[in-house]
Amino acid sequence: MDNKQLEDFIKSIDQDLEVRIGKQFTEVIVPPAKLYSLARQLRENEEAQFDFMFNLSGVDYGHDLGVVYHLRSTVHNHSIVLKTRTSDRENPQIDSLAGIWETANLHEREVYDLLGIRFTNHPDLRRLFLDSSWGFPLRKDYVDDINIVTK
Amino acid sequence: MRSIIEYLKEIFNGVLSLLRGMRVTAGYFFRPSEIVTQKYPNNRKDLVMFERFKGEVVMPHNESNEHKCTGCGICEINCPNGTIEVISKTIVTEDGKKKRAIDRHIYRLGMCTFCALCVKTCPSNALAFSQKFEHAVFDRASLIKQLNKPGSQLMKGVE
Amino acid sequence: MEEKVEIIATDEKQEFIVNMGPQHPSTHGVLRLVVSLQGETVKNIQPHIGYIHRGIEKMCESITYPQIIHLTDRMDYLSAHQNNESVCLLVEKALEVDIPDRIKVIRTIMSELSRLQSHQLFWATFGMDLGGQTCYFYGLRDREMILDIFEETTGGRMIVSYNCPGGLMYDIHPNFQKRVKDFIKYFRKKLPEYDTILTGNVIFRERTSGIGPLTLQDAISYGITGPSARASGLSCDVRKHEPYSAYDKVKFNEVLFSEGDTYHRYMARNDEMRQSMNTIEQLIDNIPEGPYAVKMKPVIKLPEGEYFQRVETARGELGLFVISDGNKNPYRVKFRSPNFVNLGVLNHLAKGFKIADLIAIAGSLDFVIPDMDR
Amino acid sequence: MRFDFIASYVSAFTGPWWKFLYDFSLLTTPVHEWLNGSVSPFWTTVIEMVVVGVVFLLFYAVVGLFLVYAERKVCAFIQNRLGPNRIGPYGIFQTIADLVKLLFKEIIPIKNADSLLFNIAPYIVIIVNFMALAAIPYANGLHAIDFNIGIFYILAVSSMSVVGVLLAGWSSNSKYSLIGAMRSGAQIVSYELSIGLALITIVILSGTMQLSEIVEAQRTGWFIFKGHIPAIIAFIIYVISSTAEINRGPFDMAEAESELTAGYHTEYSGIKFAFFYLAEYINMFIVASIAATMFLGGWMPFHIGNLEGFNMVMDFIPPFIWYIGKTFFIIWIIMLFKWTFPRLRIDQLLTLEWKYLLPINLVNILVMSFLVLKGWHF
């Protein structure tokens, strides 16, 4: 499917989703509540079959915290980007997709470690690189007077 | 019967593959001329590094102790990790104009990642890489170097 | 009777926990594997990483695009060229800069050389992991020649920093073509030796074939890329699917197997060495004339937006995801490093095999630890 | 005190003095007779034991250090390297310098280790080595003890070294060491069998277990040629299983560097580590000596049947040189094994023994017995 068909496909799943056609990928803005069911459908639908998650990145948008999922289908060879964001900075919670794509397991641990986004239903959500004495360094409001020196 | 033949064949092929491997290693054992390692500190004299080898950043000076650095600070801006610090001063030129010039060009070898951005972006080609590779010192302080030699001046014709 | 059952039950729970690493001869760096053993059989593996986490993604947020390149060298230090290239390609794509063919061809040759030396080192260390120490020295001996080529042209052996947005740092050295051709000639003679010592060896075959099989479904689900995935039959070569640089002009085969065990992961890399040599041979005599770099603005600012660039490194697909807010510094940089993703499958593969097989499986996935930790 | 033996030396030196090289009993018998005549038989035995002990101690150190050097040089040449080259010409004093360093190194006490067993383990390995060395015929007349069951004795003694290895692994309170020791136990117990059976094949041919007689029986040709096919098979099996017996690559599961860091001697340091290290090389020397003695004629020069002229020429080379040459040839082969092959897995190691070596060995013994009965050997 090309980008236009993907847009129609997403619309056929859920009318309310915001779909943008970017420079490279079709981007879908998903509220965290709908994320898991949409991902499940994208993975299992015969026409879509997004079986390969090739990237998962957490982003601090300043006010919101978000996660960007890059999906590809090894069968149909098309790609899509899912974006979700939550404005709760204190206790951000997003559904874990580790049950759909195994690779999300490590990626989500990394995002939790560096951005502090909690993934509900994650099988093993622990910090990955850093220990608990650190904050969440990839957040824009992270302060480290010793290690980050700005002139 | 067939299984016994298979069994023997398996053994024979296995032993053969091992012998082939041994032939290669034994071959090298009897050909010491192919040894590639060197007696390093003994051959220091004939060790020639490639001309582009990024040993350390230096500032070439000519015979009359002149360099090309104008003290513009572009290398400092381009350095990704604060290896270079340009301390400039204002001097008065012969025709009475005030001009920026280099006072000290500090280079911290211990921090340098040899990305070559300073050498590459220098507008007057004042910096270069030397081929020196033996950087080990006993004191960390001696890794901080001043690139412009004391008493050196800007080369004529370099703006 | 009941008592006996109880004893067996407690025995099964008794796990022998061995800490492999962070300093261990065969973890190739500071990877720590907490291995639960039952006898010699591996029950569970918990990888602990982060011993050389340097926060490259955070650092990237405060430096400019040309400066990012020297950090990518230090992620997967065996695929430094490809890592560099990912940043350059992304910047060039975002700014819509047209790159002359000469640059593209040189980048391709350099990438393939770097893949070649990475696979040579893989061969060397894989042999050593399995106990064949001599392989290590033969592998390094031949790799040294490629490093010399790198050093002559780029000034660095592993940390090359040769690409820059808009082209290359320097033009190729006048000796470059001759040296590469000499190397290919030399290595074509030496490669059969590799096969005699390791590939054909009956002990090696016994040690690797059937060990740690990875099915196609699992490879897709775990997001495995690179030779490890191609050994399972997943066609995931970015050079074929999304050709960048001069890969659309050369003929080479994507090495695919269907078995997916340790032996075929090894063979995939072994065959890729031959494919890389073919690719280089096609290009080395046909480097077009032209400039070695396009003039770029002194301060590179990407237009606001999100960019994604994939390149095929020696270990798999490196994804570079950049969010730009229009400044000279990126807003967010994410490296999807192949090693990090490949690590996830280790527990799945090694469960139920012996402790010696764990070493073989981990070796066949060809980890570079700095790339995991970033 | 009588000093007659000096007169016999003088007469020997005025005559063809190099006779000693061909028969060491010319050197030792006068001393023995002189001692017998001067002191009581008890003291004679004591003095001789001390002298032999000191000689073996020196021999042990020299052979051990030389083998370490030789291995480093051999592996360096195989791997296209120079190897040790700094201390002395071609680095021949490198191992002595290493030994001096190890002597001065601190012996690190291990927390929660069983200190008695931990300290005793290296000595067990060393003592076993000495016991085996005593029974080997080095040259004509150079033989410390000539048992009538010599080969049986060596087999019995050398299998004791596993006790030292197991103790080391158990007592050092390290998981790597324990795994290494357990592997080593399983390995040595199984390969003991192969070694025994391979040697029995030759014992059937020779009809004796006394090492001096075995060597003497090879005066008309080495057993590997006399017993042709079954002897060659036995020789190959012996070399393979002895490599496994001494825990060397490709069978170095017990120390498996890439898996267990250093196996059973992970926690040892200083001179105790050196003991293990030296013992490994002396073990190699012992198994190579046995192979040389049993299959390649020990110190016996290369003889072809009744070809007098040829045999005379070969006899000019002193027996000790023959012995050293053969032993080092086998040591070289064992080294080549280690530096060529990848390591086996523990279950493959046992498969090799029980599925391949043992059946072949048993068939081989049958063939050899048949051969001896029919007289179809040379």
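Letters A, B, C and D mark the chains in the order given here, with residues in each chain numbered from 1 onward.
By definition in this document, a residue touches a chain if its C-beta (ideal position, glycine included) is under 8 Å from a C-beta of that chain, and two chains touch if they have at least 3 such contacts.
Please read these numbers as outputs of a predicted model, since none were measured by experiment.
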Where subunit A and subunit C overlap in contact partners, by chain label: none
Chain closest to the middle, measuring from C-alpha centroids that were averaged per chain: C
Mean-CA-position distance for subunit C and subunit B (Å): 25
Cα-centroid distance, subunit A relative to subunit D, in whole angstrom: 65
Distance from the mean Cα position of subunit D to that of subunit C, given in whole angstrom: 46
Length of the line joining the C-alpha centres of subunit A and subunit B, rounded to whole Å: 41
Two or more partner chains touched - positions in subunit D: 78-81, 339-341
Per-residue overlap in subunit A, given as positions that touch at least 2 other chains: none
Multi-partner residues of subunit C (at least 2 other chains): 134, 141, 197-198, 201, 203
Interchain contacts (touch definition) - all pairs: A-C, B-C, B-D, C-D
Touching residues (chain side subunit C, partner subunit A) in the complex: 49-50, 53, 55, 57-58, 62, 218, 220-223, 225, 234-236, 241, 305-308, 310, 317, 319, 321, 323, 332, 334, 336, 340-341, 343-345, 348, 373
Parts of subunit B lying in touch with subunit D, wherever the complex brings them together: 11, 18, 21-22, 24-26, 28-29, 32, 34-39
Sites on subunit D touched by subunit B in the complex: 74, 77-82, 85, 336-337, 339-341, 356, 360
Touching residues on subunit C, where the partner in the complex is subunit B: 63, 66-67, 69-71, 73-74, 134, 141, 144, 148, 151-156, 159, 161, 164, 169-170, 173, 193, 196-198, 200-203, 298
Subunit C-facing residues of subunit A, complex: 22-25, 27, 51-55, 57, 59-60, 68, 70, 74, 77, 101-103, 105-107, 110, 114, 128-130, 137-138, 150
